[in-house]
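Two complexes, one shared chain (subunit A), two partners (subunit B, subunit C).
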Partner chain A sequence: MAQTQFAFFPGCSAHSTGRAYTESFMYVAERLGFEVSEIPEWNCCGASAGHLRSHDLGDALPARSLALSEETFGDRPVLALCAGCYINLRRALVHARRSPEDLARIDGLIGREWKASAEVMNGLEPFMDPEVQSRLSSCVTRPLKGLKVACYYGCAMVRPRDVCAFDDDEDPRSMERILSLTGAEPVEWSFKTECCGASHQVIVQRDMKPMVGRILENAAAAGAEAVATACPLCMLNLDMREAEANRQRAELGKPPLRLPVYYFTELIAASFGGKADEIGIKRHFTPAVETVEAARSQGVVA
Partner chain B sequence: MRIGVFVCHCGSNIAGTVDVERVAREALKLPGVVFSDTNKYTCSAPGQESVCSAIKENALDRVVIASCSPRMHEATFRKMIAEKTDLNPYMLEIANIREQCSWVHKDREQGTRKACDLVAMAVAKVSCDRELFTTNLPVERRALVIGGGIAGIQAALDIADAGFPVTLVERESSIGGKMVMLDKTFPTMDCSACICTPKMSEAAENPNIEIKSLTEVESVSGYIGSFDVTLREKAKYVDYDVCTGCGLCETKCPTKKIPSEFNQGLSTRTAIYKPFPQAVPSKPTIDAEHCKKLQSGKCGVCEKVCPTGAIRYDDVDRVTTQRYGAIVVASGYELIDWTGLYGEYGAGRYPDVITGLQFERIVNASGPTEGHILRPSDRTEPKTTVIVKCVGSRDPNKGVSYCSRACCMYAAKHAHQYLDKVPDGTCYVFYMDVRCAGKGYDEFYMRTLQDGAIYVRGRVSKIYPEGDGLVCMGEDTLSGEIVRVKADMVVLETAMVPSRGSDVLASKLNVQRGPEGFFTEAHPKLRPVETNTAGVYLAGVAQGPKDIPDTVAQAGAVASKVIGLFARGQIESNPMLSKVDVSRCSGCRACVDVCPYGALGLVQANLRENSRKVTRTVCQVNEGLCQGCGACSVACRSGALDLLGFSDEGIMQEVEMLCQ
Partner chain C sequence: MDACSESDARAQAGEAIASITEDAGVNLRDCYQCGKCSGGCPVAAGADLTPRQVIRELQLGRVDRVLGARMPWLCVDCGVCLARCPQSVDLPSLMEAICRYEVDHGCAAVREGPKFMDIFLDNLQRKGVSDEVNLAARYNIETGHLFQDVGGLPRMVGAGLIMSGGAHKLEDPSDVTRMVARLRAAPGQGGAGDREQQGNGGGR
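Showing the complex of A and B:
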């Protein structure tokens, strides 16, 4: 039986910068019969600074939310759409599962009897189940026929491998498998796990500037017409800074890239026939509606 | 019972921490002890003499020597008792008061008390000892060498030259192994094939060597001096007695597009083929999987063109059994499959990312490019080449944790060869460390630096295509800079791993393997070519990564061991073996499952129980295979198994003595 019930950990992005991810994920989830319920009273996952400030804080912040989920939803897997949330929740889970002493230490920090029994999943994992995949295929009414897409995982989702371990850390392929069901054609490219520099965008802007351009250029060179992501931070960074990358290219006399960036769930939702304003694709910085519509109109089935 | 106790000073090794005189005095108070003495060096000639005369003068019937570890001198003292006294050599116990006492203690009082306890335990155990007798087993003077690489060839030649017959088994269609695929050997830059192929033909022509190609070991039974080995010689579809090796069949075979294993997939071969011109045996075989005739019945060209009528499409595997006195494992290695491990190096998607062995074929004059350095994708000369060391080696997260030892040197060799053949080329070598321990090795590395090779300390993190080349991204850890090198070709120096099937071979031979999968030697320093299974020896990379000089040296060492065994002609059996008391055995087979040597089996036995005849399943010890490890006597639930010379009773007496 495929897993269809999930506890939802929104983090700071799901209702703000990552709204398009949440909207498109829920659109798809509803049609695949997923039941997704938000964890009551959840708190910040501790990304960026928490775990660096103190290891205990790095364990305690995610553990509290996971404990609340366990109290409300039992063993239901916790869904963390943001790669930052995912890695932090998972790290606390891995730490708690190392030994009974570690679990007791963390439980002491949060003052709750957390058992660390439920799994933590990222946005891709619910779609990796073969049963879900066959249901997904049957929901595709407007395939994105031939849309060449570069699947971008970013650096945080697959590493470190003893924490994540849901896919190969150097050459992950789960997003490719999922998106190929929508009629899109994933391309082979080399920068799918390269860092986009998102966490540097405030402090070392000069160093991170070329990072976005490099990723998008590699995708374009591999023949991609679009980039798909599964993380709101990657999305924000790639989508928002494409214009700047294009300005830099213009200085060198190169043409602009015109590479829309999507959440992978937006592409699934589009292949289900979702309207542009209900699946998030109108919310992007880089225009994203046209590419989807063009692909869908080619792939109309009867 | 007349027990004598001899306490050794071992210079100051023991006497420095233990009051040996007091230990000797205390020993005299133990039950059965009638004599005690101390000695400066018991193992020396005068020391041994004084022990022997004390045994005779005091009519001692049991002896305890308190000295170093039994692994050090138990055999010395046994031999001494057997040769110089009338006592049975197994009426001896060693109390280890050096490694397990004086060396690990600082406090003299504590050390002395512990030594007294250890001596008391040995006295308790020696009281239970019984006389044991060795027997002589005959040795079949014929050796089996498994693996026809340079290690196996060298071992076979050395054994055969001493006059003993050898069967050299190779699972591929030619002997030669990896060495014959190499272009040059470091540091002298000898042509590898030129020094390897004469050895191959020497092996083929030696009347004492029988080469069996396309042959694998099916099963092994027996023990040192008398192994019964069943070999499976795969169907070759060519009658070697009739074939002259003219090669006409190869030129006419219509199936020509099979990737050549010998050229590492860089060229193609036919379905009937010899892997390379100097192959031994110098006759072709048919690759049944790709042969049209054998797959669909349509073709038969080779049969039609063969001038001697040697083709046999109905050929079948031949299974033979032969007795051997010794077995040499020289099963070699293969290179780790990096494509499944290094996604960021393209996982095999980029044709110009090649392995070191592929580079060997490219640079070789008889290779796919006739020795011109041309990259696989477009057959152009790469102007920039990047060599990446430690791909898989020293990387427990991805590959193996050990160092493959030869790569530093052949990476330097590859850089040297590349710069020699492409004078306007640039060569970068990414390295973690440069390990060049060997005669003339560091000088060779220095010369490569003078050739102009640019060594960058750091690992390559990613290789990606850009334009018609590849970009190698990495960190120069000496400057802390991120480097990006645009390369036309990348050579990965990949880790050596045990050859496929080593696990199966190990269980057939009852030989242990280490965590990394290489066969384990009996002692890392003192018995480097023997295994824990008597009569089975190790040569070459089968035992662990090494280069050609070390491999050849080890093969020679193995040969001398085998020749020594054959020269003796018989072996003295170890009497400290497991013994079964069938009246207590229930045939539960717990012992059979734990025995690492396959020495235990179940048999139907006719017994008399309660004055009635019964037939029951009981266990039986094969004394030829049993190594006396004692695992079975621990596993036995009913106490039916006991280890002679190490009886349960003796151990219990030791424990009781300690608890007093």
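Showing the complex of A and C:
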């Protein structure tokens, strides 16, 4: 039996900068029969600030939400769509599972009896199940015929391997498998797990500038017409900062990239026939509607 | 370091290094300087020290060359170095421990780093969740980077990405407030790195 019930940890961006991810994920989840229930009274995972302050704060913040999930939903896996939330929740889980003493220490920090029994999953994992994949295939009514897409994972979903343990830490392929079911054609490229700069795009912006440009340029060089992501911060950095990368390219006399960036769930939702204004693709910085519509019009199932 | 004699300085450096490596869960002797870390590092090319140089300086007791360097603050914790290290030296943990040491001693090489952390944790302590608009606004004002990323604002508002309501509010954030306040004031030990639990981790 495929896992279809999830406790949902939305994270602080779910209703703001990551809104299109939430919308498109829920659009697809509803059609695949997922039951996604929000954890009551969840709190911020701490992002990079929690564990920079201290190991204890870095463990306690995610552990509190995981304990609340366990109290409400038992062993149901916790779904964290943001890669930053995912790595923080998983890290606390792995720390708690090291030893009974570690679990007791963390329980002491949060003042709750958490057993660390439920798994933590990222946004891709629910789609890895063969049963879910065959259901997904049967929902594709508007295939994205031949759309060349570079699947971008960034770093936090795949590394460190002792914490993530979900796919290869340098050459993951799960997103490729999922998106190929929509009719899209994933390209082979080199920068799929290269970091986007995450929140360092704020604190050391000048130093991070080259990072987004070289990811997008590598995708374009591999023949991609689009980039797919599975994290709201990766999305914001690639999508919003593409304009800056293009300004740098213009100074070197190079043409702009014009590479739309999607959440992988937006592409699935598009292949299910979702309208542009219900699947998030109108909320982007780099125009993203036309590429999807062009692919869908080629792929109409008669 | 304002120690009066060379041996005092050496002892102080030794203490700093011991504190950092213990916090990081890293044994400096594990590293034999192969340089795989620096070859894969996405920020090394523009940094003042490569990851390999950071660990070398610490091996040689020259902590003064590491404290004050930008490299630990440039580290994005992407984990390429650790993934490729033949000795599994947890460099991201080491870099963060260096930053934490600088935060605790008020000598951060990149002043924006602790500022961002403090504003983020202030919001979290008050509401239990992050407030992206407050974070960006306070950060820009308090660091003097007034116009950083404001070009994206109209589009964000227009696309309903910020200030469109619907944000998560805790009915009662008081236990988060107390927990964050307590742990910010007394950063304890604990965790230390992610690689020492190899084998019994994830549990998948």
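Miscellaneous remarks
By definition in this document, the second predicted complex is superposed on the first by the 302 of 302 C-alpha atoms of A that agree within 3 Å, B and C clash if a C-alpha of one lies under 4 Å from a C-alpha of the other, contacts with A are read in each partner's own complex, and residues count from 1 in each chain.
Everything below uses one rule, namely that a residue touches a chain if its C-beta (ideal position, glycine included) is under 8 Å from a C-beta of that chain, and two chains touch if they have at least 3 such contacts.
Computed from a prediction, not measured in an experiment: that's the story for all the values here.
In the model built by aligning both structures on subunit A, subunit B clashes with subunit C. When the two structures are aligned on the shared chain, A:170 is found in touch with subunit B and with subunit C. Contact with subunit C, but none with subunit B, is seen for A:94 once the two complexes are overlaid on the shared chain. In the overlay built on the shared chain, the residue A:161 is in contact with subunit B and with subunit C. Legend: residue contacts after superposition of the two complexes on their common chain; A:109 is shown touching subunit C, with no touch to subunit B.
Of the two partner chains, subunit B is the only one that A:190 touches; subunit C does not reach it.
In the superposition on chain A, A:221 makes contact with subunit B only, while subunit C stays out of contact range. Put simply, more of the residues of subunit A are touched by C, taking subunit B and subunit C as the two choices. Among 472-480, 598-606 or 634-642, the region of subunit B with C-alpha atoms clashing against subunit C is 472-480. In the superposition on chain A, the residues of subunit A contacted by subunit B and by subunit C overlap at 161, 169-170, 193-194.
Chain contact summary for the complex, subunit B toward subunit A: residues 342-344, 346-347, 349, 397, 462-466. Listed in rising order, the residues of subunit A touching subunit C in the complex are 10, 12-17, 19-20, 41-44, 46-61, 64, 90-91, 94-95, 97-98, 105, 109-111, 119, 154-156, 159-166, 169-170, 193-195, 197-200, 202-205, 207-208, 210-211, 240, 282-285. Within the complex, the subunit C residues that touch subunit A are 23, 42-43, 46-47, 70, 73-74, 76-80, 82-83, 90, 92, 96, 99-100, 103, 110, 112-113, 115-117, 120-121, 124, 128-132, 136, 139, 145, 148-149, 152, 155-156, 159-162, 164, 166-168, 170-173, 175-176, 179-180, 183-184, 187-192, 194-195, 197-198, 200-204.
Subunit A contributes residues 161, 168-172, 188, 190-191, 193-194, 218, 221 to its touches with subunit B in the complex.
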